[in-house]
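Shared between the two complexes below is chain A, which pairs with chain B and chain C, respectively.
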Partner chain A sequence: MKIAITSSNNNVSARFDKRFGRAEWICLYNDETRQIEFMKNRHTNLNNGAGTKTAEKMISLQVDRIISGDFGPKAKNLLDKFEIQVVVVRENNLTVEDIIQRIK
Partner chain B sequence: MPRRRRLRKIVAPPNFTGYKPYGVNHEKQESVELLYEEYEAIKLTDYDLLNHKEAADLMGISRPTFARIYESARRKIAAALVETKEIKAVYGNALLDKNWILCNNCHARFTIPKKMHHNACPLCTSDNLELLNYQKT
Partner chain C sequence: MAYKIAVASGKGGTGKTSVSVNLYHYLAQQVSEKVQLVDCDVEEPDDILFFKEAQKEHEENFYQLIPEIDTGKCTFCSKCAEYCEFNAIVILPPAGFAEVNKRLCHSCGACLVACPEEAIHEKKEAIGTISCFRTAIGNGIVEGKLKIGSAMQSMLVKAAKKSISQQNDLVIYDAPPGTSCTVVQTVSDVDYVILVTEPTLFGLHDLKIMVDLVQELKKPYGVVINKTGFGCTLIHNYLATENIELLGEIPFLKEYASNYANGELFNHIPHAIENSFQAFITNIDRKILQYEGDNYFKW
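Moving on to the complex of A and B:
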């Protein structure tokens, strides 16, 4: 299963970004192969539609689950439609590694 | 032109459509309209005991806006009690956030799409879950 985690930088000790569309980086974790990949989010500086664009990107990557701090209504509707599980974690000061540890 | 009103996110709508006073003799019953977001504000601060900042973040609005909604909610309820008016729940500027499930173990909030069949928290695999406002779509 492919899991996307929003991140503020391109390594596992980076802070978990609680925004979805405007997260700087997205960490792609595959829980079968334990492979970790980082992808730059190109939609962070859009004036509008960052959430939708990022959601479309996730759909094209065939991600099964997205972990972030919040999802806007448009992004959430789109992800619901494509049956992608969204997980909201509202804790502060988590790193990407903390989250990977929890889902292992 | 004033700035557009942000929609207020609401986790669960009220489970009632209104409250009526009894033991009063009124020819015609007046009513106050309690908006969904006002109900949510009262619920988050006085029932779930969150502070205004946390509650405002949950509803996707700023803290001052939240304080205004909360104040108007309290005044409406007080007016209804003192003037023995009916309380009606009306929709307001709300956005119902559907199909959320809360894990009581790690407090993560998540959805379960139809193609997934196991009902466990995706983070801590606990099955101590609470349906917030699940609707079959």
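Moving on to the complex of A and C:
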């Protein structure tokens, strides 16, 4: 399964970014192959529609699950249409590594 | 051309509505009957509450045109999405998915131009209503009321302004609070801006932002201080240092505040309030006369 985790930087010790559309980086984790990949989020600084565009990207990457701090209604609706599971983690001060450990 | 005055504030709750409604009342009584009040605070219009005798003459829906993509004709080339400045279009070619997000769309029409397949058509979507009311004196009130959930405030403000009568000598725009797009839209075409503030730190802070805005828009303006009488000189000092005209001061009176809360601004007006409004109206009338003088031939 392909899992996306919002991240503030391009390595696993980076802080887990609780924003979805405005996250600087997206960590793509494959829980079967244990492969970790980081992707720069091109939509961070859009004036409008950052969430929608990031969701569009996630759908096109055929991600199965997204882990972030929260999802706006427009992004959530779009992800729902493609039955992508969204996971909300509300805790502060987590690293991307912490999240990966939990889902391993 | 009518002389257009906007009443704006930056901070909410300073008294834009009180000032606008009183301005309408006094101008209609003393300067010209041909005055119209436009409530541009489309998210929460309330001017009409103070005119219990008002009769609704006309109400119409205002529509925004939202593009719809016909996925039968669409080739998923994504040109429309590239054109869209507001990132409102989502195209997912493998899924055969093409959709416009209504909440993000600003109805600019760029996607229709972009589409090589003519797969995009516009559909009407109601964003609010424009109503015209007749009042006992004056040319009446125009009110824009945004539909809950719509984010097209500026579009509705523009539409409300277009619905005003051509027979006016004077038009008053009651602006929404803040300094955002809707306020810019309200103030953009006026001849004079009245900034309403209150003698508090918060009032001063937001007044400064509003002053920046009107200066950038190159609009002549003056300030009214509402709810004075607590000994705070913050605003006075600021106006003196910046050399900004003080148009009037309205004292805080509990009795008047309770009249306001009952929607009764024009009954039992306390003397102090009446006098301060008279002085303020005299100042405004002077602005109008100046404008008429400068535009004698156009007028």
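Throughout what follows, the second predicted complex is superposed on the first by the 104 of 104 C-alpha atoms of A that agree within 3 Å, B and C clash if a C-alpha of one lies under 4 Å from a C-alpha of the other, contacts with A are read in each partner's own complex, and residues count from 1 in each chain.
Just so we're on the same page, contacts are C-beta pairs under 8 Å (C-beta built on N, C-alpha and C of every residue); 3 or more make two chains touch, one makes a residue touch a chain.
In this text the structure is predicted, and so the values were computed from the model without any measurement.
After overlaying the two complexes on the shared chain, residue contacts for A:102 are found with chain B alone; chain C is out of touch. With both structures placed on the common chain, the touch criterion links A:84 to chain B but leaves chain C unconnected. By the document's definition of touching, of the two partners only chain C reaches A:48; chain B does not.
In the superposed model, A:65 makes contact with chain B only, not with chain C. Overlaid on A, the two complexes show chain B and chain C touching no common residue of chain A. Within the complex formed with chain A, the chain B residues making contact are 7, 9, 57, 60, 95, 97-100, 106-116, 122-124, 137. Interface of chain A with chain B (complex): residues 65, 67, 70, 73, 76, 80, 83-91, 99, 102-103. Residue ranges of chain C in contact with chain A, taken from their complex: 86-88, 90-92, 94-95, 97, 101, 103-104. Contacts from chain A toward chain C in the complex involve residues 43, 46-50, 52-53, 55-56, 59-60, 74, 78, 81-82.
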